[in-house]
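Across the two complexes that follow, subunit A remains constant while its partner is subunit B and subsequently subunit C.
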Partner chain A sequence: MLPAQAPTAYVGTANVIAVLILLAEFGMFRQALLRDQIRLYAAQSVLIAGLAVLVAAVRQLPELYVLGAATVALKAIGIPIVLRRLLRRTYPVHSLEAGHDIAGSGGLGLASTVLIGIVVAAFGFFSAKVLPVSAGAAPVTALSVSLSVVLVAFVLMIHRRDVASQAIGLFSLENGISLAALVIAASLPLILEVALLFDLLLAVVVFGLLIRLHHGRADTLSTSGLTELRG
Partner chain B sequence: MTVIVLLLLAVPLAAGLASVLLPPRVAAAVTSTCGVASFGLVLALIPGISHRDLDALGFIRVDALSVVFLIATSFLYACVAVYSVGYLDKVTDHRYSRRFWVGLNLFAWSMLAAPMMSNLALLWIMVEITTIVSALLVALEGTDGAAEAAWKYVLLASAGLAIALLGTIFLYYAGSRLLGTNYSLAFSPLLGIAVKLPHAVIRLAFVLAVLGYGTKVGLFPVHTWLPDAHSEAPTPVSALLSGSLLAVSFYAILRFYQIAAITLGGGFPRDVLLVFGVLSLLVAALYLLDQRDYKRLLAYSSVEHMGILAVGVSFGAPIALTGVLLHVLAHAAAKGNAFMGAGVLVRKFGTKQIGSVTGGLDLLPWSGPLFLAAVLALSAMPPFGIFRSEFEIVTGGLAASRNAPAVILVVLVTVAFLGLSMAANRMLLTPRSAPALAEEVRRGEPSALMVVPMAAGLIALLVLGLHPPGELVGLLDRAVTMLRGPA
Partner chain C sequence: MLPIPFVQALQVLTVAGAAPLVSGVISRIEARLQGRRGPRVLQPYYDLAKLFRKEALAPEGASWVFLAAPVAAFTCYLTVPLLIPVLTTFPLPLSYMGDILGGGFILSLAGFLVAVAALETGSPYAQLGASRAKTFAAITEPVVLFVVFTVALLTATDLPYALAATVRSSAGQIIRPAHVLAAAALFMVILYETGRIPIETHSGTNEFGMIEEARPFEHSGPYFALLKWGSAAKQLILYTIFINVFVAPWGLAAGRQPLAVLIAIVALPAKACVLGAVVAVIDNSFAKLRLFKITEFAAAAFLLSVLGVFTVYLGGG
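== the complex of A and B ==
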């Protein structure tokens, strides 16, 4: 069983990391350059890995060290490399310098979407309080934050109008779920965690293929042309 | 039995590997053989599984409920594999055919593996793999429409599955409180302690799972990817998507239902499924009335039938649950046939528009009547299997005093029948007009191999409707006992 009383320094650090993860999500939310969005995603993944290592150290769950390492290798290094290569292929270098990799504008103005993001984040944060989740490996506040991350990622995917941002939104949504898993499912067997990560890698490859297919057909990353199928 | 199960996992994978290495013509032959072999293997499983569940290697667990879904998937895998040989016989692009065969086998493999998993996390992973593989298959045609449909599909389905993963994690939390931190999300131990699980967490996990996996089942309001993907995918893939992929995701919901029904009692999980089911049925029935693309028409019919499944489970009566499981099988056969017929129409007329197809029954001496029979079967006409299954579901609804939902079900199914039959009438029975006659579409079948699997599907529908074999009835009864939980 887990110890009933955790040191307060641990709770504080874990909560700070969780809030930083949410801030990274908001950063992606308002970041216009796809390159920077990918960097933020990598940073967010490093934070997740950091939290995993922290939980591993305090709760004596050595498997989480491996999970942290796998998270860094895959989400902070692997996926960003795949995504950046993809962007480089869809836009030649000179147009990158000219700022052509700016993500398609959202459906609403930036201020309104950030407001919506704050509202859903608050909703997620406080709705988790209702849950009868008393104690986990990480502080329960981190679970509230993780629900906020998930909801903000949904808003991100909804309001962005380009395939790359939508994909990054989905991957960061997955980061939010990883955060929740660290709180309430930290002892999930490592083999399953690694299988989940491997699954994510497959998904990234397929997303990459489809982004390239989309770019090859439409010559843009924008989704504004995806209106053929309806009814 | 363990050997059979392992073979069942190995055969499609081997066919996929062979398709990578061998020329497409050989791959086609290998795939058809493996498809038929898989169906044979599943049939061989039935007698053993009717008596006891099978656990193997720590991650495999096959019980009566899994086998019902294995039958549906392997039957369609066999039919579609043979059908695709005819479907692709004019394709000269070797890269296209190779990708098609590899994708088809891996897709079938993932759908066969999902119901065999003993562990809810592995089940999730397998369902996610079905998404990834099928998204590539949807994009295979490489048209603008296919690119759009594949993107919508992979994004919506992955987001939905993320929600399902959240539900799975909450379930793990609930289980690990009682089973200790070494618990691995295995299904059987969870079922054993389900009575003692905390109610609020299970409620949350169940709703998240219904919403998440429901995205892949095609339940309203998260069904929006479904018509696009079904209409833009190569037609054999559409048949598999509709007949087995949706069912496999529904299987995942049933596993959560099994646990939730024990923890919470029938009330809450049934109400959730009832709401999703009735809304899906309503929306699909209305969309069926105004469709111009016949593959989209069949896709909305799938939404309708998935709604029927959800409503059927919500009735909770044993006869309704038997109906639901029979419906899974009959829908696989009927929708497989309908899509295979649609594929013949696309080949013959070169269009997916309902308005541009006339005189189908005259021009297609075999697949025309078979397609018509499939549409009638989908509309729950006797003597086909769906008539029996829907009859059982409605009987169960009345037995459980869910009179209003049962009446709504019958009304909406009738509306759906109207939509389907108007379109079928327009395409098959209307004689060809003079300008269309001038186009010179000759009478005859594009390929005999596209007709044979449809004939097999019709036989299956008739068997299920007229006299389901005793072994199958025993299997369904056993699965129903599991779904009902302790009395």
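== the complex of A and C ==
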């Protein structure tokens, strides 16, 4: 067996950013406070914007600078502010800390969840290897990482039993899709990318309403009581 | 030109001689960060000299294993510097005795001997420390294995010299995700193995949180000195592997010229002190994990190392 070839600086950096995005996704398993969860999502979005700027600089696609700026403005600043404002009302009056606290809403222990996440991420890596993508100079690892991000976001949404984490899981899933789009279709028309971003804004508003509604009815962010609604 | 066996011996002497200095520098930096004046940098040497002059006591009923273990463990620690790139970029003859796994085995053997000696004492604290150390070593072992797998996939061999040469060969080898992830996972294992803050307080006397530090409780005199010196040597060995194999394999001697070797002898403790400063900052910025949360720390390190293997094996990164 021969030693692995060194990637070019562009491919290596893009892959490292992609892996950091995946690690942020895994980090969301651990967060116990709502505002930390939102902060982690913002950090993940900043990484996406960084990748967009990198691709723009290397492949000379100036419209990606615009996309990077829009990503920071919307995902790293806008959505966290909107989310925080929507969730401020849901803090219960009698126990202020309990409202911030989304710890223990997971169905499993942290170590087990991480192991499940690793298995799911491995599946993502394998499926990307099967895809007939020969992108030449494109960072192929980043593509498989983006599949893993999507799958791990699913694990996050499935195992956390609170509305807020599920919403963050959905938004970060969209980050995984943006990552894939940046890696394999960097020259996607800007108008499409921006349309995707505004779709996300819509999802935020819908989810925010859902969270408020659920909290108004059940007086909690937890969704575990919903199973009793069976007719 | 220095003779090869002399350079080989210098590797061991450098590690043994500089290990207390690195420990002293770290505790000094840590004290300064906490606003204390802190002990002198040379304090560990004075401690060792004092302990070597004291009498040795053994608990009643302890067998010869109790007294033999510190000597045997110290021998193990001084064997590992023969296998890893301490001073030279080119492999010295004895370094072919073992690969990274071989070095790992010798380090674990030393840990096992110290644990057995702690069990011999019959003291509950020492036994508790030994039992904890072995329990958590079993969780960090897979991390080390996956780091070695990553190295093996990157270089097609698991000789530490080969990875150091690969890292030096181009910048692309350093920023590839597999290398970054493996280095980060190894750093977390080193934090665990040297008993630094997310795992345990290094210089505390809080018995309930102790793992590594509880084991030599019953030893005294020269035997205790050997254990302390051994754990400082282990720390420097792990730092050397991290620095000279993974992160910064520069400043090593490419030949046998006395000047180049001298530069390498000075460069190693200097680089280790820089790494120690980073560790001291971590020590001061995080709280100690609860004992049962250590599995989460190990799970995070495992995640990094497994992703490292994935990216290079499945994704070509």
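The working rule: the second predicted complex is superposed on the first by the 206 of 231 C-alpha atoms of A that agree within 3 Å, B and C clash if a C-alpha of one lies under 4 Å from a C-alpha of the other, contacts with A are read in each partner's own complex, and residues count from 1 in each chain.
FYI, contacts are C-beta pairs under 8 Å (C-beta built on N, C-alpha and C of every residue); 3 or more make two chains touch, one makes a residue touch a chain.
None of these values were measured; they are calculated from a predicted model.
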{"item": "Fit or clash between subunit C and subunit B when superposed on subunit A", "value": "fit"}
{"item": "Which superposed partner A:19 touches (first subunit B, second subunit C, both, neither)", "value": "second"}
{"item": "Angle at subunit A between subunit B and subunit C, C-alpha centres, nearest 10 degrees", "value": "150"}
{"item": "Subunit B versus subunit C as contact partner of A:53, first or second or both or neither", "value": "neither"}
{"item": "Touched partner set for A:144, first subunit B, second subunit C, both or neither", "value": "second"}
{"item": "Partner chain in contact with A:110 - subunit B first, subunit C second, else both or neither", "value": "second"}
{"item": "Subunit B versus subunit C as contact partner of A:129, first or second or both or neither", "value": "second"}
{"item": "Which superposed partner A:121 touches (first subunit B, second subunit C, both, neither)", "value": "second"}
{"item": "Partner chain(s) touched by A:185 [first = subunit B, second = subunit C, both, neither]", "value": "first"}
{"item": "Minimum distance between Cα atoms of subunit B and subunit C in the superposition (Å)", "value": "17"}
{"item": "Overlap of subunit C and subunit B interfaces on subunit A (superposed complexes)", "value": "1-2"}
{"item": "Partner subunit B, residues of subunit A touching it in the complex", "value": "1-2, 131-133, 136, 150, 154, 157, 163, 166-167, 170, 173-174, 177, 180-181, 184-185, 187-189, 192, 195-196, 199, 202-203, 206-207, 209-210, 213-214, 217-218, 223, 226, 228-229, 231"}
{"item": "List of subunit A residues in touch with subunit C within their complex", "value": "1-4, 6-9, 11-13, 15-16, 18-19, 22-23, 26, 30, 110-111, 114-115, 117-118, 121-122, 125-126, 128-129, 139-141, 143-145"}
{"item": "Residue ranges of subunit C touching subunit A (in the complex, touch as defined)", "value": "153-156, 166, 169-173, 175-178, 180-181, 295-296, 298-300, 302-304, 306-307, 310-312, 314-317"}
{"item": "Subunit A partner contacts - residues on subunit B that touch it in the complex", "value": "119, 121-122, 125, 128-129, 132, 135-136, 139, 142-145, 147-152, 154-155, 158-159, 162, 165-166, 169-170, 172-173, 176, 181-185, 198, 200-201, 204, 227-228, 231-232, 287, 290-292, 296"}
